[in-house]
Amino acid sequence: MAKIPVGILGATGMVGQQYVALLADHPWFEVRYAAASPRSAGKKYAEAVAGRWHATGGVPHPSVWGLVVEDAGDVSKALAAAKRGDCAFVFSALEMGKDETGSLEEAYAASGIPVVSNASAHRWTEDVPMLIAEVNPQHADIIPAQQKNRGWGAGFIAVKPNCSIQSYMTPVWALMRAGYEIKRMIVTTLQAVSGAGYPGVASLDMIDNIVPYIGGEEEKSEREPLKILGSISGAKIENYRGLEISAHCNRVAVIDGHTACVSLEFGAGKPSVEEAKKIWAAFRALPQELGFPLAPEQPIIVREEADRPQPRKDRGAGKAMAVSVGRIRPCNVFDLRFVGLSHNTVRGAAGGGILNAELLKAKGYIG
Amino acid sequence: MAKIPVGILGATGMVGQQYVALLADHPWFEVRYAAASPRSAGKKYAEAVAGRWHATGGVPHPSVWGLVVEDAGDVSKALAAAKRGDCAFVFSALEMGKDETGSLEEAYAASGIPVVSNASAHRWTEDVPMLIAEVNPQHADIIPAQQKNRGWGAGFIAVKPNCSIQSYMTPVWALMRAGYEIKRMIVTTLQAVSGAGYPGVASLDMIDNIVPYIGGEEEKSEREPLKILGSISGAKIENYRGLEISAHCNRVAVIDGHTACVSLEFGAGKPSVEEAKKIWAAFRALPQELGFPLAPEQPIIVREEADRPQPRKDRGAGKAMAVSVGRIRPCNVFDLRFVGLSHNTVRGAAGGGILNAELLKAKGYIG
Amino acid sequence: MAKIPVGILGATGMVGQQYVALLADHPWFEVRYAAASPRSAGKKYAEAVAGRWHATGGVPHPSVWGLVVEDAGDVSKALAAAKRGDCAFVFSALEMGKDETGSLEEAYAASGIPVVSNASAHRWTEDVPMLIAEVNPQHADIIPAQQKNRGWGAGFIAVKPNCSIQSYMTPVWALMRAGYEIKRMIVTTLQAVSGAGYPGVASLDMIDNIVPYIGGEEEKSEREPLKILGSISGAKIENYRGLEISAHCNRVAVIDGHTACVSLEFGAGKPSVEEAKKIWAAFRALPQELGFPLAPEQPIIVREEADRPQPRKDRGAGKAMAVSVGRIRPCNVFDLRFVGLSHNTVRGAAGGGILNAELLKAKGYIG
Amino acid sequence: MAKIPVGILGATGMVGQQYVALLADHPWFEVRYAAASPRSAGKKYAEAVAGRWHATGGVPHPSVWGLVVEDAGDVSKALAAAKRGDCAFVFSALEMGKDETGSLEEAYAASGIPVVSNASAHRWTEDVPMLIAEVNPQHADIIPAQQKNRGWGAGFIAVKPNCSIQSYMTPVWALMRAGYEIKRMIVTTLQAVSGAGYPGVASLDMIDNIVPYIGGEEEKSEREPLKILGSISGAKIENYRGLEISAHCNRVAVIDGHTACVSLEFGAGKPSVEEAKKIWAAFRALPQELGFPLAPEQPIIVREEADRPQPRKDRGAGKAMAVSVGRIRPCNVFDLRFVGLSHNTVRGAAGGGILNAELLKAKGYIG
């Protein structure tokens, strides 16, 4: 079967590089179009990233290195690529301001090119799904309404949430799916520096130090889960109203891997520690059922050791796409406590975006 | 005025070294007796710590370097020192097992030598006060009952709590003293490696990593505040019953300085963010009123910057004896959130012990 | 073709774990025997390493997890395994004292089991080859003399050098092989903490710090190259005498990857910077010519960026088996300077041992 | 005695802040004038550095916090301050481009205000002394010739060398002063991130990593010592020609403190290890003889431990103004090896500048 040709907007940035790396051997998708800022436009991809290649993991396909980078601001270039069969949809890893990113993503969608985005610009647009493929795959089905709303043809926008919530959102959902209502949640994160891009956090702030603040992160962490847990109502997604979240976000001296310390308060029914572990270990969802290429075999990995999960040791679990949980124990104030961990630049960024594209292909929205 | 001669049990360990360093220029106390394990006994102090001096801060008095280290297990040595006027009381920084430490501290007290201890052995002994000088100085007044209970003369035991709670306990108390009942508290700590002693945490566990577990720390963090907030009832201290605490304790790549992310739920009355800041900035207690030498001028320092306190930048505040608080904001689940920070090997260890001794002297129990 | 069954001595330690990880999918060898200290003996391998699995990389073959660990001190167990076809030779990752290791390795060899060792015990035994497969593969041919000397049958001992020299030894040899005599060399290493095992270096020594000393490392770095560059003379290997080396060894806060800053003084002929780069980029040796499974395609990778190689970014190059070199420039005192880097726990430990075994198989000494 | 009023150019940058911190309680100098970029001009100093105060050490004099920052580009402001008795000379911690800095420093000097500079702009100006107060204090005596050359009155420029050479230059000079000719030197440095300013080095480059390159640092390290060891000849300083230096400069995850691994080759006479230690321990120079306020009592501290000096443990020695040396041993290629360490933002920056000003005052050129 021929691979689907894809483009990457913001292809030379940190997240764009991760897309290139993770798509190197992808069985469904092939990178055939790369766009970035005007500064990179006209250069070969290899030149454009020379001396600032940050992604680890698979070495990208030589074909990508030879692609001539286009100006991401010029949609006509992508349209031309689409016409010649090189760009069936784009991943957006744009790093411009929010408004500019939002408008540009709309321009691509309006021109008929689906946009699977990592950017935050459209996370709160009512008719744009914010997808975690194991949690709310059904939200993809707002796409026809989105297209109709806006008079768009094949184009649309789908986004993924912020990386900070990925280390606990799937476990939280797994308990809810098993019938346990969660009413309140207090979470403290210890987040990796790669989440801030490059150069990002200064080493003077991270050696012998932590920074107990990440701009905008707590607000996102408290709001985004409510949309993800929400439901489609006509042409918009209505937020879930049954859950209150408080987030404390910290930056720590870790390269990759966000850790979260979570306390949960349940409604009437409360799972025991053993039940929670069973639910998590057994949890499978659409990506597993349909065998998506980047889906982790086991989306939630339960660690029984007293001192795990740890970012350096567990971030790579399940192709760096799984969430590892541990220290599952009763909470002295709420009902249950645990530590969750996920890889922020794979699961929390490009890997999550690719899994969303796999979902959208499986559902027939792209391809 | 002649200085009071003091001894240090466990003088060659990390905490013992901090005692030596911090007492170097103390106006009231002078180190004239040092005891440690049989391995060090008979050596001059300088030899015994050669190649493993970890304390920073003031260089110790040359007189200490020349002291011949005695066997801490042999109380008669301390008694002899007491008789020749070299040991009015001891600081206990013993690092033996809990039972052995507990018995040995009792033996010193029984022989007439007051013990001001950093060890955890007697924290839950009912007639032993667990003191934070700014929070529960009145608990020192259980000492006569303790002495009577046990048939001891001038000797007694007073202890300090675990270092992990110092970064939030004083702020919590300050709000309670101001009339605000705190009913529930969820706290996540990011603790420095010096808290684990030397060699302590392996560098393989701390480079590009955090460890979401510290053995026994969460239990201590959840229980010790209840005794500190408790009240003397006859010959024992009864725990406070109005507060529930849940603690998540993490080890991070920081040398000194424990940080805590705290969410507080109040009873009927709730302070606003501005009130909390005012209460904290204005908080003064007995150590400040009586001008104890190691008392920080301002026990709680309110930082207004968005990203403070930070361990490397704020642990030294108030001679490393103050608690720094910041990020004071409403909690999305409870009522108020903040970040607290204190220096774990100064305020949380030797410095806190010395401040307790200053309190005990001011109250007439030693000296 | 059936795989050759191999045993690992010291299988539960850090290097032993690396062997298990790296052999997981090896096309020639299969781990069928595991031995360790009496403490682990009798446990299944999975139990014996539970909670202390440090190796990253390939997840080991499930078959290994089920192996019952034997006592490495009991050679008869290995002989029994050999008889039932489970142990054609052993990798020695023993972590006992030098004398004990040396004797035990001899006992295995004497009983007919070849020993491919990472331990330092026999590095200076005259009839034992110390192999870097790309540098001195011909030294393997001392094995028949070794066997004859000692009256051994099929058994023998072959060792690898210390990990610290791997980051520059192959580049140095490549220049020598190209005809450039190197007379003097001053090298300063920045070595990863994994080189010290677990728990190894304390985090209190590695946060905001470096340690300019590694016990015994400088002596090894100065002597081992002379044997590797030496030649077989009768039944012993005679040291090369034409090279003087001075080594400064430092420990830095890096998980894996030793970096070396090297200044070289040549004899009469001196390569230009461009020649050195060409020689290194083109260098291939026996492991490449014969296509050994773990041989890096390109043993020396030349980096042209101003600030490379760097441990985190380059240690994985060539399956973590290549040496990366960069900053190749004239020396202001000697003739040529460069920075070399190799992965100390792969190339410098288990990976190097496996490559040696591949060499020994290719030469017919095992299998 | 009234203190000499001083100004700081670039007062809000990292080095400028260190000047403010270190001058807080200076017995001779008092900061009464602060200038920085136009962005800071007009603000109170406290505002201008709010949220970006990096200096540790003494909390600056409250009087400095209230100073209104002037535009460093406007010399007339400093002249006005000089006229009202607030600026007898300036410390230059300017962070502009080299040419701009050079011209501006000349403008100050031409207007009659002496400039004691940390900037590199004039290090190679022939009639400008590059001073290490313990090494070449006599170079200050080129100042009258400099003033005459340029037709300047009381103004002049004096500079200090790059921070990277401070960890070995004084020990090297001490041996030379004792009569030992040093002909060749190969040095590898492990430098702290504070040397790159803020934000400086990205944490993504320093966690689990080192960077074997610092732009321009090796060239400075190889050339600056030759001027420092040079001699005044008429109106210029002639370089010393007897020494060849090769420097490898690395960035490591250390906040403060540059470490250097040094190999020395002597001329005819060679000191033994014991002689070198004696020479270093006994070394005193003009700053010690005249008792300059910031002079370390002992400029070179010899550490006998096997694993010292280490940056975190030794950078503070001698008020962070001393050089610590250790690992003194024969070199296997040259004659003598050692490890040197100094505090790069104190001795290597503001502290070194202040010591130079103390020297210039003692010699009558300022005050």
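In this document, chain identifiers A, B, C and D correspond to the written order of the chains, with residue numbering beginning at 1 in each.
Keep this in mind: a residue touches a chain if its C-beta (ideal position, glycine included) is under 8 Å from a C-beta of that chain, and two chains touch if they have at least 3 such contacts.
Values in this document were obtained by computation on a predicted structure and should not be read as measured data.
The two sequence copies subunit A and subunit C touch through a face in which the numbers common to both exceed half of the numbers used overall. Across B-D and C-D, it is C-D that has more C-beta pairs touching. With centres taken as mean Cα positions, subunit C sits 48 Å from subunit B. Inter-chain centre distance (subunit B to subunit D, centres taken as mean C-alpha positions): 40 Å. Per-chain CA centroids place subunit C at a distance of 44 Å from subunit D. Residue positions of subunit A touching 2 or more other chains, listed in rising order: 205, 207-208, 253-255, 306, 312-313. By the touch rule above, subunit C contacts subunit B in their complex via residues 54, 193-194, 198-208, 253-255.
In the complex of the two chains, the subunit D residues touching subunit B come out as 50-51, 56, 207-208, 255, 305-306, 312-313, 316. Subunit C makes touch with subunit D in their complex at residues 184-186, 188, 190, 205, 207-213, 215, 222, 244-248, 250, 252-255, 259, 261, 263, 306-313, 326-327, 331-334, 337, 339.
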